[in-house]
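Look for subunit A in each of the two complexes below; its partner is subunit B in the first and subunit C in the second.
The block that comes next holds the complex of A and B.
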């Protein structure tokens, strides 16, 4: 169980983006997060992925309360949650070949020995050929790069996956292919999912339940 | 809406546009191959296809915005000017902003971040209309009003605008020169549903007021909302052109690729087309879709001719007699 309780979060001295938000994702469950631009969807996604410290509130992963936010959440919890972002061009290091992009989280955790096999396995799962793996981001399309970013998110076999607008830059066919890849992975591992999008049709088709965030607190307080 | 008949004289007539990028080591990228289109005043055409199929290159070619290593052949007639053959001076003085207005992909990135909207409109009005000094402020306000940009936000900088207002500011700039053709390159990417509705609504309004609108997009839902006709592009070729009502409704698309693209929508089968689009630097000799096509035959080793708005050896159904488009 991944649980957020009474989360308040924001940036700098400004008014909070989220106030008293609670959210639970069970193993194997797919939760959709819907809302207009600027309502705090991505902030919530980043908190779920343990990348952004909330101002107040508690996050627990399988009963273990996340501590140490000031520096970084503990590694064994961060690696239990994978995340993909909206813009693959901004999320992938332009200097790394796709193979190294996928393997980087393993190397960062001292698991470089496993990198080669794992990369090949994941590349096949997301539909990247060996030739594409040797290219750098500027030599592939947005869709191909997002496939690599999804593979990177799965490299630690996460128990939860956060897809923050994973497909909003992509065409219908690539969208369906990436969602199918995520679902194949989840069928095998019973991983939980938080899918963030502003596309209601997509989330309705993809998720077990949908949470709608209200319009931005910032906008109403200004 | 004029979905029933191809109206009289087309405003844009694109014939056999071919774009090649020459790279090092003799690599050649076939970005666009033999694209032909007609677009009438008051009509909105959506050019759809997967990312990297060459649709944005087609748009850039019309504005003469391609890099120097590009070879462009074909003809694109707008208002008596062949914009593909025009030199930089003609493009700058007669085409950009005057014959073709560009509504950019991400307005926030297109607008100058360090200048107010008023100052940017000011510059564009002065450049395109060259009015007497005392009429300038009035023309700027008019230009803003035409794109429904609120006058009290004119002195804001781009970062102070919401996504929707930034979009309107960019549209206002595109409308200043009263160009008969509006070119919208991925106008809805990354916008939320309300903004998509607003943006497509505005584009539709411009088409209804007599402009020709060409929308380049991968967002089929937006295309369905706004377009009179749809052109589908695959691997640099236009493989199908059809009235939007037929394409999205019944009888549906005729090309297997277009059919696959629609079936990938979450509101339909949500089933991806197997495989990935081919590299534009090494396209197969025959139909580029054949390797992914469920109905491919040996005939597909040859390039299908473009006929009745379709390039396929085995359309899903023959063209209904009456339509003739």
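The block that comes next holds the complex of A and C.
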């Protein structure tokens, strides 16, 4: 069970983006997070992935309370939650080949021995050919890069997956392929899912239940 | 496209920068070992002769050939410039990466230290450092390196701070990467092109700094030719109308440093093609 209780979060000294938000994701459950731009969807996704410290509130992962964020979060909790981002260009290190992008989390955790087989296995699952794996991010399309980012998010066999606007930059067929990959993985592992999107139709088809965040607490400028 | 037979000013600048730098490097590396000429050869019958075919740059006050002295001087100045720039870049990159990657109190402490160093005028700090040692090449290298690493710290730190907020760093953290791993694998490789550019831009600065110290009589010992010592010894004859002992070493400072700065400008254009660059010093 992944549980967020009374989360308040924001950036810098500004007013909070989220106030007293609670959310629970059970194993095997798919939760959709819907809301207008600037309402804090991505912030909530980053809190769930232990990447943004909330100002107040409690996060527990399988009963273990999270006390540190980012590097300070214990490694076994970080790797238990995979995350994909909206823009694959920004989410992949431009200097790493796709194969290295996918294998990097394993190498970072001292599991380099397993990296090669695991990369090949995941590449097949997300539909990347061996030739594409040797390319760098600027040599592949957004869709192909997002496939690699999804493979990277799955490389540790996470028990939860956070998809932050994973498909909003992609065409319909790539979207369908990526969602199918996530569903195949979840059927096998009973992993929980938090899917963030502003696309209500997609979330209705994909998720068991949908949470609608209220419009922005802070005025969206620009 | 422009007419292919005429060169654009940018192409001219590119060829000039590459050509002059290559010529300088070849001269400095090949002339001393291959020609076997003695730069210290004194010929008092030939003292303070204006430029001629035998001595294209003229002779100095004890009749030494100035062209040869300039080549040897440039050799010393370039050595000081390149080694000092490399040392300053290594030092600056290490501190910048440390400050940028760790953030928080470490960052604040390191940057205040850098501010404190930077608040002392470069030349004054440099003079202080060379004054602690016997005159020679290495104290000058150290003096230049220790006064020039500060800008690299700021550049590398700023670059790393901007990279640190990229989603791929978030992804790496989420994948279980340690601080060290994120810094070495993702942040430093991203900041190195900027650090390299800073290093190339620093070479001319370092040469000027060396020349300034030597001109003040604090850097390279006077008998050893460096561009600064040449100008300093030539200064005496300037008042009597003998212009060549100062003009040619001066040109030897200006032309190579402009060429190296031009190369750095081209590199910067490649790093950031949207921002056209002029010569930046």
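Just so it is clear, the second predicted complex is superposed on the first by the 216 of 222 C-alpha atoms of A that agree within 3 Å, B and C clash if a C-alpha of one lies under 4 Å from a C-alpha of the other, contacts with A are read in each partner's own complex, and residues count from 1 in each chain.
One rule holds for everything that comes next: a residue touches a chain if its C-beta (ideal position, glycine included) is under 8 Å from a C-beta of that chain, and two chains touch if they have at least 3 such contacts.
All values reported here derive from a predicted model rather than from experimental measurement.
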Clash or fit, subunit B versus subunit C on superposed subunit A: fit
Superposed model, angle subtended at subunit A by subunit C and subunit B (C-alpha, nearest 10 degrees): 80
Which superposed partner A:42 touches (first subunit B, second subunit C, both, neither): neither
First (subunit B), second (subunit C), both or neither touched by A:155: second
Touched partner set for A:95, first subunit B, second subunit C, both or neither: second
Subunit B versus subunit C as contact partner of A:79, first or second or both or neither: second
Subunit B versus subunit C as contact partner of A:205, first or second or both or neither: first
Which superposed partner A:180 touches (first subunit B, second subunit C, both, neither): first
Lowest inter-chain C-alpha distance for subunit C and subunit B in the superposed arrangement, angstrom: 9
Doubly contacted subunit A residues - partners subunit C and subunit B: none
Subunit A partner contacts - residues on subunit C that touch it in the complex: 166-168, 170-179, 181-182, 185-186, 189-190
Of all residues in subunit A, those that touch subunit B in their complex: 35-38, 86, 127, 141-144, 165, 168-177, 179-180, 198-202, 204-206
Contact set on subunit A toward subunit C in their complex: 46, 49-51, 70-71, 75, 78-79, 81-83, 85, 87, 90-93, 95, 104-105, 108-109, 149, 152-153, 155-156
Contact set on subunit B toward subunit A in their complex: 49-52, 162-163, 189-195, 218, 220-221, 260-262, 264-267, 270-273, 275-277
